[in-house]
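You will see chain A twice below: alongside chain B first, and alongside chain C after that.
Moving on, here comes the complex of A and B:
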């Protein structure tokens, strides 16, 4: 964000068709793709079955056969981190997709229809913003019990209001433009206005916003798992892995450190990628 | 006179919105916990309960009344300070909460006292020398802290201060520390962690607020007149950035609410958050509801405070 405002906006000099990324953005993208691939192929590349106790010692150090050491039961951390990618990336991706789709659709509808519908929806969703996110997760999951669909829906519910607010603000700007007025004068329906006139013009910033919200969701999911109400054992996402092995912290065990590094590498690279998106995508509506 | 009246009306309106929000939030908290599968009376009596006993307990607890009237009586109870009794250990929730709340507040106050001067200095310095090595270092550090979960900051703090440097104990007990040194040691870890989390947010927002003021024509004018960079920022930009900065401070302090949940769990600190996480584990509904309300109220008041400060300090927001 900051670097971008400093650099002079490239006016019409970039006439390349493709989007140009700088090095930081490329590194970010590479790490994101790496974890996405791992999440898909994890079961085929884990050196040991992730739930199997393979070492007699607990909190084993880094060695030839266990690249990331072993956990509190003597399970291979590398295998568990690889499998954890599935839960962390998968649940967060599903959550952020739901949140942004819901938020953006509602936001656009509110902007196009306006009036009391807009007012009531905005007030209501603003009220939900008054609940701290981790707390909301804690209460809901405590009430309905923890399962993967519940986690996905809860995370989506937490971040839907923010996404709504963002999309609505963008859509309100587009809504006042002449081509929308013309379309409306032609007698087009709300669905047409939203799909054909508004959405293409707010898509870039909305996708950038989706990336940032993905980071928040990863953080809240890890937080929930860390508190013991996220993904339930014997499975574990990265937050859950930290929780399981937190006892090893005072020994400086690799079992705590590697899942932490995995989370940080994902969230930091998404931030790096989003911050270095070409102006063309980020600021399309401005 | 007319103008100031209008301002106060706007502030009153904001407070009204906060109050309505609070009612909606309490509604959400109450019904989220009401979703609990199974009957509370059955859970309390366990497997061996006879249907008559369950029916009797339901009657005694008022569970047969419709949810909405239970919600209203719960709400009026909250307003008068009667939070009900804990299911698990049958103590007044208010008693349980009181002690824990003072622990949590103490933590929050200590963090605030350390955090605000530190973060403001860093944020203003970074804005003053924008683009310098100092600014870049601060930016990278703050964005890293923001991108990682709170428990990881705590983990790193333990690794650095307890494992590698072995200056501090890995776990805090927060309880009765006899002398000042021991007290300091017990508080150090949670305070360090929370300070990192909160000041990262605060530094970023302060920096942005100051930079926004620096970009205005009158500050540029000061520079053109030959004022030094330091004078330009401290004399011309800063007084006008005070409103946004106060807004930033209140907003970032709201991160205390999320941070404290994780930090109290990691360090076993006997505060409200730990109480709530334990209540979640035992499904102690009245306790969960009350703790959740404590957090929502503090979060909402910080956000509202931020809004009110912004309204008071910026005439343009008054329409």
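Moving on, here comes the complex of A and C:
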């Protein structure tokens, strides 16, 4: 027992400082934080108003005054990328939060209640899952019209079934553990069971899943914007920027390169971060 | 004096812990094994018994390494060999019988192919000859239909038969040394006895030496010539079986032996007991799994169970695995709704499903599960685990609740500081105490104990039983005690129910179980419990009635 008391804190600290957060994870986190900060402070640091045509030349090269060149109308790309972070990071974050919260809560409820409720909900969401995500986005946005709330809700709806499946599978395993049976025998209600007994035990994988889903949402949002049904002009998220300037590709314009780099840097860093996150979370829960 | 078959000198085995620290788990162990001798390694979990046994094959589990000393097996120095030479040793010089035979067999191959695989790997004999030899071994191990059993798949034989088949697998290469790694621990007593008998007769006939790893002294007493008692990676005591059992020297050995001796249970039943309605009365209870159709579950487990428990008495429920003991506790607690029959708690009828029971009815009956590992939420500190029933049933909050948590920990003899830990930071025995304290927090009248001591080491389990008895005296509790271990039931219960295939076979007074048992199954079950006497198994074989009962299995 004495040994146990002494060794436990040591074990915790070494793992938390060493493994749990290696350099790759730190780089990933740094890039994510960088974009998050940019999204917040963008209006204050953009060198030009993002919608203003500042240069008479279109697809201008990198220069002193336009660090990332200009776009097809002669607008400053740096300003547009910085402002685009607001839309890309903001919409994706809101979408992924809604998708995961909804999916995880429904998944846990289905696992705890079981029976016909579980069967009906699972089959419904499976059927929903069968619709291709971009197609679904196209139909909804075409029908309702594109606005930021519609985009957020559409993206959340596309990714909710996957999150539900994932959380339900984890929760079903935890649900069969004796401590849940004990709580149930005590007379606890479903809300207590999912909040206190199940959620803390599936949190690690769920967070990892959230990171992965965030990346998918960024890509689908960029895809929607590329097709012209995402964020509407004069504003543009990164995907929209790529679409606007796609003709500049043959001219080797920086206007199309930089938004691509922005998308890649965010999605790759989120991946790098979540690949190194689970270990930390796994260590904490043991 | 002949040269010993195995000699181990100054053996040191190290391991690397999760945090990267190096520890010695076996420290300076010396022992010899003579040809034809069976030596038992005994000790609690974590004492290093399996690690030593595996090292005789030159094998270490991942993360462990032999860091010093020597192991000599016949003419081979195991510690100096390379892995390829060690591999050629295994199967022909030394063989291994694992704890779980079910995990050792490949479920998609026929038994015969797996048993004779050793002869094929080492090119010992042609296939036909190996098959003849295997059939001989099957016969020697008293397996049914020895000629054809090899054609079956592993799932087509019983657990006890599979364990004997894994012995055949080990013995076919004529090894000089056989390592038994807790081969009967996972088996029911009635199955254990047939496996032990088979092992004993085969080992006697073949004259092979053996190492028998176990935590159960009574099992070891039947088969071993000499016993080595281990604790924390060191040898505590070595001696011939009889000597260890009769004149133990070391205090740890004495603890082991005294933990085995059931202290006769003094009932705390009070005279007023008759005046109040029984604490639990069950009439005609039937329960099962699967959807209920026309008033019956698809898979019936319990059939027409009736019994009565007076306040302050303890009821034991015994039977082999699959007899429906745990299902009975679940049906009483309402976790598994019964489809027929009635359950009364202190004269008050309880509804089948716990959803329809009142909070007070739920509070009065608490259930404690076997595995404290899964019964405690790994992400909650002990304090939260114990606080919840206090708030839920008694509405306690703040300082009063914290005080009560400390009291509860004190009741189960744990220090108050433990409330800040997570379950993962507690030992098995401590976890089981917390598990029990949670049931006490509800202030119940009846606690359903589902095999609560089965996963614990002998000495720890004995301490747990003492605790249960003390608490009963102080709090006037009643226990329904489910166990496959008759000696624990004997130590704590007033009455015992014997279950067989979901039916209640017999109700017996715990104090004179063996005298008053009438039903042949109860008699078989009771006489199958190993005793510390080394002659017990031999004497048992002369009992004609029992021998007849065994034949039918």
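As a convention for this text, the second predicted complex is superposed on the first by the 260 of 286 C-alpha atoms of A that agree within 3 Å, B and C clash if a C-alpha of one lies under 4 Å from a C-alpha of the other, contacts with A are read in each partner's own complex, and residues count from 1 in each chain.
The rule is simple: a contact is a pair of C-beta atoms (placed from the backbone, for glycine too) under 8 Å apart; a residue touches a chain by one contact, two chains touch by 3 or more.
Quick caveat: nothing in here was measured; it's all calculated off a predicted structure.
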Task: Dominant toucher of chain A (residue count), chain B or chain C - done: B
TODO: Quick one: classify A:245 as touching chain B (first), chain C (second), both or neither.
DONE: neither
Open item on the list: With both complexes overlaid on chain A, does A:92 touch chain B (first), chain C (second), both or neither?
Closed with: neither
TODO: Quick one: classify A:268 as touching chain B (first), chain C (second), both or neither.
DONE: first
Open item on the list: With both complexes overlaid on chain A, does A:197 touch chain B (first), chain C (second), both or neither?
Closed with: second
Open item on the list: Is A:135 touching anything from chain B or chain C once the two structures are fitted on A? First, second, both or neither.
Closed with: first
TODO: Give one of first, second, both or neither to describe whether A:127 is in contact with chain B, with chain C, with both, or with none.
DONE: first
Open item on the list: Please report the chain A residues shared by its interface with chain B and its interface with chain C.
Closed with: none
Task: For the chain C and chain A complex, residues of the former touching the latter - done: 17-21, 333-335, 354, 357, 359, 362, 366-367, 369, 371, 374-380, 388-389, 392-393, 421, 424-427, 438, 442
Task: chain B residues touching chain A - in the complex, by the definition given at the top - done: 17-18, 20-22, 24-25, 28-29, 32-37, 130-131, 139, 143-144, 147-152, 155-156, 158-159, 162-164, 170, 254, 257-258, 261-262, 265-266, 276-277, 280-281, 283, 288, 292, 295-296, 299-300, 303
Open item on the list: Under the definition above, what is the set of chain A residues touching chain C in their complex?
Closed with: 1, 4, 7-8, 10-11, 14-15, 177-179, 181-188, 196-197, 200-201, 203, 285-286
- [ ] Under the touch definition given earlier, write down the residues of chain A that touch chain B in their complex.
- [x] 2, 6, 123-124, 126-128, 130-135, 138-145, 215, 219, 222-223, 226-229, 239, 242, 246, 249-252, 256-257, 260, 263-264, 267-268, 270-271
